[in-house]
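Each of the next two complexes has subunit A plus one other chain: subunit B in the first, subunit C in the second.
Moving on, here comes the complex of A and B:
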């Protein structure tokens, strides 16, 4: 239990660092770190397949995507950075305070989740759940993947030069 | 129970990030953190209800949708940068066909 809470505190700290970090590149790396810590937590919760997906996709692919975008876009000038930092400090100083207060309030409320559902048959193997019980989800995933592919094709289409 | 509280905290961090920033990449990072909160909550609910198989299947679906959303959103961000020369969300208030 102590280890779980330690991992969860690390997870929230990594997320806070990701959000509050000045550099976008460091934020992307922080996001990968957050995903890696979440993977650890999911492993601890006895869900290895979801953890593997989280590690390979969310901690691997998505930060690479963000780093590519950051490298493709223009960096701010020195003057812009100074002006931006002033407004940034004003916007983000309250975040850690809000998170600590919210955590304390939720902890003190100690909400009891009555999640014991009357299940007739529970399948514990996620592969069987995916292929036998949630076929419609798989169909939806395929449709969404194709939508994403077509979206990218449309967004990165070479435009014909007029005239 | 404890995981639920931390999932809410992750959600709050994500919402705050989206509301407080003007940078489009940071908005996407905020959405990512929101999704991480949801993932943690789904797995915690699955563990609590004893239906971890279904929870894992749902998390895999969430991750697939997340990747597609991020890929398309990154394309949109690059398009905005190509048009306006910056990543400031305030520059795209006037959307014209």
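Moving on, here comes the complex of A and C:
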């Protein structure tokens, strides 16, 4: 229980740092850190396969993509960073406060969900799930990836021409 | 053979992109043929197409799909609006490579929308909503101008918020029901009616779909996105994408999964009524042609939600008919807006006037679209609004029925203002030499206007069978 609470506090802190951080690069690293902590939580909940996916894709691949894109952008000047931070802090200063108050309220209310949850099934072989039980979703994911790549090619190719 | 409607558009995209000479020239014809065939297949409900078991690929694919009358209405609208979008792209996308790319993205969007219309599983619905969303981002940013990129960014952010809420809702529902199938979740929800976790899951899902539908007060993204997108993308977004990704998904979730409870009906009716009135009031104050149509869309979607909120067979049949009507008259009006923009280079209605003389066909078709939208008999829009209002009255929501009538009066008011300022007012000297828009915009406009008039005139004979088709879905 103590470990669960510790992981939750670390998770929320890392997520807050990601959102409020002044540098985009640090935000990307914060995202990787958040995902890594989430991996711990998923692993503790007996879902090792989901934890591996979270670690490899969300903590590994996605931050790398973000950092690659950020490295292509032009860095802001010091003055611009100061101006940007002013508006950023004005927008997000209440965020940690909201989370703390929400946590306290939910803790005090001690809400009990009365739902009768179904018994957990024996973990089905992921290969069976992906290739037999969720074929339509697999097709959907292939189409999403294809569309994403197609979109990048279309939009970037044209930008290169006009530039 | 529902799977064909997903597989054929996607496989077409793959084939079109093979490094074979002449494929680019095939793209327009192939896409037009596919959209037309989809419409024909829906119009013949007993066609062999729906009964063929996909035995040629039964060993490979095992898709859980189904098409009832509600799905078929939406599938027809998808074919119709996509065909219209394809023609309008001929005017606005000049470069042949760009046109080819646009058609590819359009085919992918159609593939995603078809899957959403036929999904029987909440997670599959979510996955294909994302297919629609990703293709929409590309279509909105297609011109790579600043307004388009800004619009796409807004859509990405708001769509992201909706996605987070939706996936959280799905997670809770799977936790409760242990399944993602609509009917299994429905039975589990009945068994656990008063659980807080159930209410939370339903709330998250409904709010996500309100955002996707652009209903008030979740509409912030919609006017900006419709206005900033390229003209053909606006036609597609306003005509069908928002209707499938938001409104249809909401109807499907409520009808097939959540069922009607007093609290769900109250939320739907309240949000629907607010959207009808505030959307119409906001439309009255606009001077940008497309922005006015965008607020009009919010108001008309409100009617669909009011029909759904009635919880009766008549109301839901009215909502489905209004989806078809909205797809036809709003696509027509966006085509008219595109025609005016293509000739004048402006969308500011305060600077226009007397265009009826120079653009008679655009003017005539826009009058038909506007009157149908305002619910003037005997046009198609009248019948769907009448069905919704009667349904609300019969189930005892008389106040909401009165709001729906008032909303129609406001709709007529802003469309009369639009007509007077653009087509019938004092002719502007600046635009006296302009000519009627080209064939690629006029052909879909005339076809849609004919469809609106024909659907309106034939409605008294067809409505009974149409309404009865919804009895098995609603079950009462």
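The definition used in the following text is that the second predicted complex is superposed on the first by the 143 of 163 C-alpha atoms of A that agree within 3 Å, B and C clash if a C-alpha of one lies under 4 Å from a C-alpha of the other, contacts with A are read in each partner's own complex, and residues count from 1 in each chain.
Simple rule for what comes next: a residue touches a chain if its C-beta (ideal position, glycine included) is under 8 Å from a C-beta of that chain, and two chains touch if they have at least 3 such contacts.
Since the model is a prediction, treat every value here as computed from it, not as a measurement.
In the overlay built on the shared chain, the residue A:139 is in contact with subunit C alone; subunit B does not reach it. Once chain A of one complex is fitted onto chain A of the other, the partner contacts of A:71 are absent, as it touches neither subunit B nor subunit C. Look at A:147: by the touch rule set out above, it reaches both subunit B and subunit C. In the superposed pair of complexes, A:155 makes contact with subunit B and with subunit C alike. By the touch criterion stated above, A:54 is placed in contact with subunit B alone, subunit C being left untouched. Shared-chain residue A:130: touches subunit B; no touch with subunit C.
More residues of subunit A lie in touch with B than with the remaining chain of the pair subunit B and subunit C. Residues 111, 113, 115-117, 134, 137, 140-141, 144, 147-148, 151, 155 of subunit A are contacted both by subunit B in one complex and by subunit C in the other. Remark: subunit B residues 1-6, 8-10, 12-14, 16-17, 20-21, 23, 25-26, 28-30, 32-33, 36, 39-40, 43-61, 63-72, 74-79, 81, 85-87 touch subunit A in the complex. The touching residues of subunit A, when paired with subunit C in their complex, are 111, 113-118, 121, 132, 134-137, 139-141, 143-144, 146-148, 150-151, 154-155, 158-159, 162. Residues 1, 4-5, 8-9, 11-12, 15-16, 18-19, 24, 27-28, 31, 34-35, 38, 41-42, 45-47, 49-50, 53-54, 57-58, 61-62, 65-66, 68-70, 72-74, 91-92, 95, 98-99, 102-103, 106-107, 110-113, 115-117, 119, 122-126, 128-130, 133-134, 137, 140-141, 144-145, 147-148, 151-152, 155-156 of subunit A are the ones touching subunit B in the complex.
Those residues of subunit C that touch subunit A in the shared complex are 6, 10, 13, 61-65, 98, 101, 104-105, 108, 111-112, 115, 119, 121, 123-124, 127-128, 130-131, 134-135, 137-138, 141-142, 144, 175-178, 191-192, 194-198.
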